[in-house]
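There are two complexes below, and they share subunit A, which is joined by subunit B in the first and by subunit C in the second.
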Partner chain A sequence: MGSFSEYLANIGRSIVTLGDGLAVTFSYLLRKPFTIQYPDRTEKPVVAMLPERSRGILEIDINVCTGCSICAKQCPIDCIHIEVVKDEETKQRVLKRFDIDVAKCMFCGLCVEACPVSGLRHTHEFEGSMSDVHRLMLSFVDKPQPVAKPAKKDEPAPETKPVGSIVRKLLADWWKPANPTSGGPR
Partner chain B sequence: MTEVLQSTPDREELILNMGPHHPSTHGVLRFIVHTDGEIMRKAVPDVGYLHRGLEKIAELQTYPGYMPFTDRINYLEVMFTNMAYATAVEKLLGTEVPPRAEVLRVLVCELNRIASHQITLGCITMDLGAFTPFVHLLRERERINDLMEALCGNRLTFNYMRIGGVSQDVPDEWLKQLEAFLDHFEPVIDEFDSLISYNEILIKRMGEVAVICAEDAVGFGLVGPNLRASGVDWDVRRDLPYGAYPQMDFQVPVGMGEKGTVGDCFDRFIIRVEEMRQSCKILRQCLANLPEGDIKAKVPKMPRPPKGEVYSCVEGARGELGVYLISDGTPKPYRLKWRTGSFAGLSIIEHISRGLMIADLVAVIATLDVIAPEMDR
Partner chain C sequence: METLSNYIADYLELSGLAREILYAVLIVAVAAGVFMVALTISGLLTLAERRVAGRIQSRVGPNRVGPLGLLQWLADGLKLIMKEDLVPAAADGPLFRLAPYLVIVGVFAAFVSVPFGQLLIAADLNVGVIYLLAITSLVTVGVLMSGWASNNKWSLLGGIRAAAQIVSYEVPAVLAVLSVVLLSGTLSMQGIIAAQGGWPWHWYLFHNPFTFLAFFLYFTAAVAEGNRTPFDLPEAESELVSGYNTEYSGMRFAGFFLGEFANIYLMSAIATTLFFGGWQIPGVTPEQQATSWGLQLVGLLIFVAKASIGCFVVIWLRWTFPRLRVDQLMSVCYRYLVPLSLLCLAANAVYMLLIPAGSMIDRIIHYGTAAFGGLVGLIFLWRVFHHIRSVGDRLDLNVLARGQKGRFDPRIQARRYGKFRKKRYSKETG
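Let's turn to the complex of A and B:
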């Protein structure tokens, strides 16, 4: 008899505690939903909703880069490739190549912290899916150009392009069917 | 029972594979389950599927360069792995961390502990068949992720700490947002309790199941909540104080056998709920006593710690998380070894699985909080 009443008590307790739980669940019917509908049912584009420090795809403003290669040395997985050569005629150091392998990058931010002129920075861009992983090697130097001189102490810091504009252009270019053999959506 | 556990000509055992891709094994992890009917004779874990060689990578990286790799030890305990590694290198270098950085470290660690326990508790309930609490806790974790993203720029692989301090100071308004989160979250814990913790069905699934006695817990080297659930009162934060923890006032919850025996699955569950409350308490103290000052000590760009070896541990969400580091005076570590709570938790499963029902194995794995990437490393 004892075990039977225990059995009934168990069922009773289950129903009561289940009711408690369902009351909590039910109360959510009356609260504001927390979910946002990514990607297109948001008030602003998601990129604009990210916090200031968000670490997205890297970009480099080559007009301020001094070609010091500190960032490339800091990167633990060597995904920044910089080539600086000396122009024989003008005796200037020329930035020939500045590539960032975004496919390999782990967005740790060590390179950005190390850059003395803040030419390298994180953007808020994160939607970089492509059908060809090699295209994620972003090249920021179209034609070789002399490196920037580091600003003197009392000089104002040089103007930089708005954060994100450079990468957005590179990513957008990819979707244009420019070169039929490589790139372009397949 | 005993005849079930022995193989005789007419009682052969059936060997089942659970995993490597079983949804309840929290990563890629395989169990070889020897069964007789519904009863397990033993469940033998098979690990190594997620080995990424993170200890070897350390030998190829400079000291600061290894910091982002520590994020990958355990995706739920990032701040703790950061901190264990940073404190190890600081001990080698003899660096003093500024007080503000120490408190910021405690702050982010406790925030991370809450996030980690949310996933654990959610997974326990989900493995036992209740999906709603998991979604509720995931929603709350999303708020923590947002806070972390505003603080250090990433939602999962924070890479927030640096040798000698932390990478960035808190942004404006962040402390207010954190306080708002705490005001919001503390009632949610109570809500979670009435939603599922004291649900009779859950209690029946977890109470008296897979009891780990104190001797076994110590013998198998369990740490953290798993150890405390077995009634052993040991917490690295209190007993081997580090960082800013000596200034904090908090209790260490210990398993009481509330719905069964001390050390059963329910104890391991409820202790984590209680730890979330304590973490909230510590967070409030951090907010009240955040000192002003530097956030990073002066450390050379390419530190070369003197020859020597050091062991440094922190209390992670899965217990003692230790780094054993040997330096040979070069800019790269000579050897680095991680000691993680999940591995100890896993090693006891073969011992306690004897005589359990197959369906209880998921409860055991979930409440021991075994995270596959953390033990394979």
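Let's turn to the complex of A and C:
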């Protein structure tokens, strides 16, 4: 008799649990889908909907950068390339090249934390699909320019450009074919 | 069919051979019609499956092709037709090519005796139910054949599993169907519908507690016979790649696919016929219905609506339950379904002996079972709302919603996207 009552209990249990499982999935039919339809059916561009501290493509404000190369040393995969040379006439250090290889970058943020002047930062931009991977090498220096002096103790920190504005300019250039400033195969 | 043929022949004053030819032409036309209807139904069901699955998983589902994504199934079909039809080098060519046709024929031939309406049935066979159960067994042969001919271990396992499963589940399915046959005293699909009535308490579903049980037994067994989750062991994509149809591509694969979805409709249509009163309109007798085209149309709509709800339930089951193990599958069949369906059959026989049809007790039992069914439905709804409320979600009945407004057009998208960029640009950089 014991096994028969177990048999009946099995049937009862399966009816109740299966029914409740069905109720759960049915309740999802009556709720709003969570999905947003990227990219053309969103209320705002997705870039504007990202959380404040999300890590997108890196950008550097070269008017603030002191050329200390700490960021390049921090990067575990060496995707930041900095060249600083000494100008013989003015005895100034000149920033000749500041490239970030976005194709390699893993958005770990170590370089951003290390930068002493907060010139390097994450933007919210993330849409950078390219037909040629070499064009993902972002060049932030068009022509060589002297590096910035770090601010003194009582001086206010230098003004930086709004976050994202620099990289967006570069991104816009990306879409134009064969733009010399967008890197190209090196 | 014959009456229609005779009617037209008399009208055209045909005789002899011409009459026979007309009859043959009509048969071919009706067969083509049934085939097209079945194809459309299974095509629409693939779309329904994907939309329901999307919604259940909190997604939207396909919504880009045509209005509301309603043409997605045509796009899918077109894609499958244009794909290359590969036959593996080691496969048994003729068998491999033949198998999908057996599946298609097995399922689509069954549509011949589906009573869409009182007059809308291609052939009301006097052995209708048995014909349906017999002809769908061709699917087993096709599935086993495809598994064998593919010369692939996964396919073979899938085919063998399918055969074992379908043969096992045929038993409870037939026993549950026999309960209804016993009550109605006929095997003809139209006869079974005519023995029921329009209102729920006239349906065989609520005839007595044992037919109520028989319905669930039949439905479970039918889902298992149709290789649908949670009984989709023959396909079992996490174990057998895709089971018996692993090696198929292009239109032959589509054959299996359409067969599966047509089968869903078929099992729902059979359930509608046997348990849900088919095309019966509440408050209208079959004699009244036979005299009016309008009522015929209403009957057709009622049948299709009932069958669609059945299809929805099958789809819904798939996205709810995990797959059974092989031993569990067999134990469900032989330890639970078979004894219970035997019990149903015996209990129905006893019921017919003890309680005269149409008596007071008979009617009280109908109403009581219907009330019980309604109560179960209410409890179910309460659970549904409980699950929505318990996570602080809100009801959203806009089932056809497809996200934000906007039409898919790469150019529109590019233009709008360009505008997005410019707007943000000007806002932040001045």
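The rule is short, and it goes like this: the second predicted complex is superposed on the first by the 160 of 186 C-alpha atoms of A that agree within 3 Å, B and C clash if a C-alpha of one lies under 4 Å from a C-alpha of the other, contacts with A are read in each partner's own complex, and residues count from 1 in each chain.
The rule we apply is simple: a residue touches a chain if its C-beta (ideal position, glycine included) is under 8 Å from a C-beta of that chain, and two chains touch if they have at least 3 such contacts.
As the structure is a prediction and not an experimental result, all values here were calculated from the model.
Colleague: As a test of reading the superposition: which chain, subunit B or subunit C, is in touch with more residues of subunit A?
Modeller: In the superposed model, C touches more residues of subunit A.
Colleague: Kindly classify A:P51 by the partners it touches after superposition: subunit B alone (first), subunit C alone (second), both, or neither?
Modeller: It touches subunit B, and subunit C stays clear.
Colleague: For A:L29, is the partner it touches subunit B (first), subunit C (second), both, or none of the two (neither)?
Modeller: Second partner only, subunit C.
Colleague: Is A:G109 in contact with subunit B, with subunit C, with both, or with neither (first, second, both, neither)?
Modeller: A:G109: touches subunit B, not subunit C.
Colleague: Quick check on my understanding: which residues of subunit A belong to both its subunit B contact set and its subunit C contact set?
Modeller: 10, 18, 20-21, 23-25, 34
Colleague: State the interface residues of subunit A toward subunit C in the complex, per the touch definition above.
Modeller: 7, 10-11, 18-37, 39-43, 45, 47-48, 161-162, 164-165, 168, 172
Colleague: So in the complex, which bits of subunit C are touching subunit A?
Modeller: So the residues of subunit C in touch with subunit A come to 52, 54-60, 63, 316-317, 319-321, 335-336, 380, 383-388, 393-399, 401-406, 408, 412-413, 416-417, 420-421, 424-425, 428-429.
Colleague: Give the list of subunit B residues in touch with subunit A in this complex.
Modeller: Per the stated touch rule, the residues are 61-62, 64-69, 71, 132, 139, 142, 146, 149-154, 157, 159, 167-168, 171, 191, 194-196, 198-201, 204.
Colleague: Could you pull out which subunit A residues touch subunit B in their complex?
Modeller: Per the stated touch rule, the residues are 10, 13-14, 16-18, 20-21, 23-25, 34, 50-55, 74, 76, 106-110, 113, 122.
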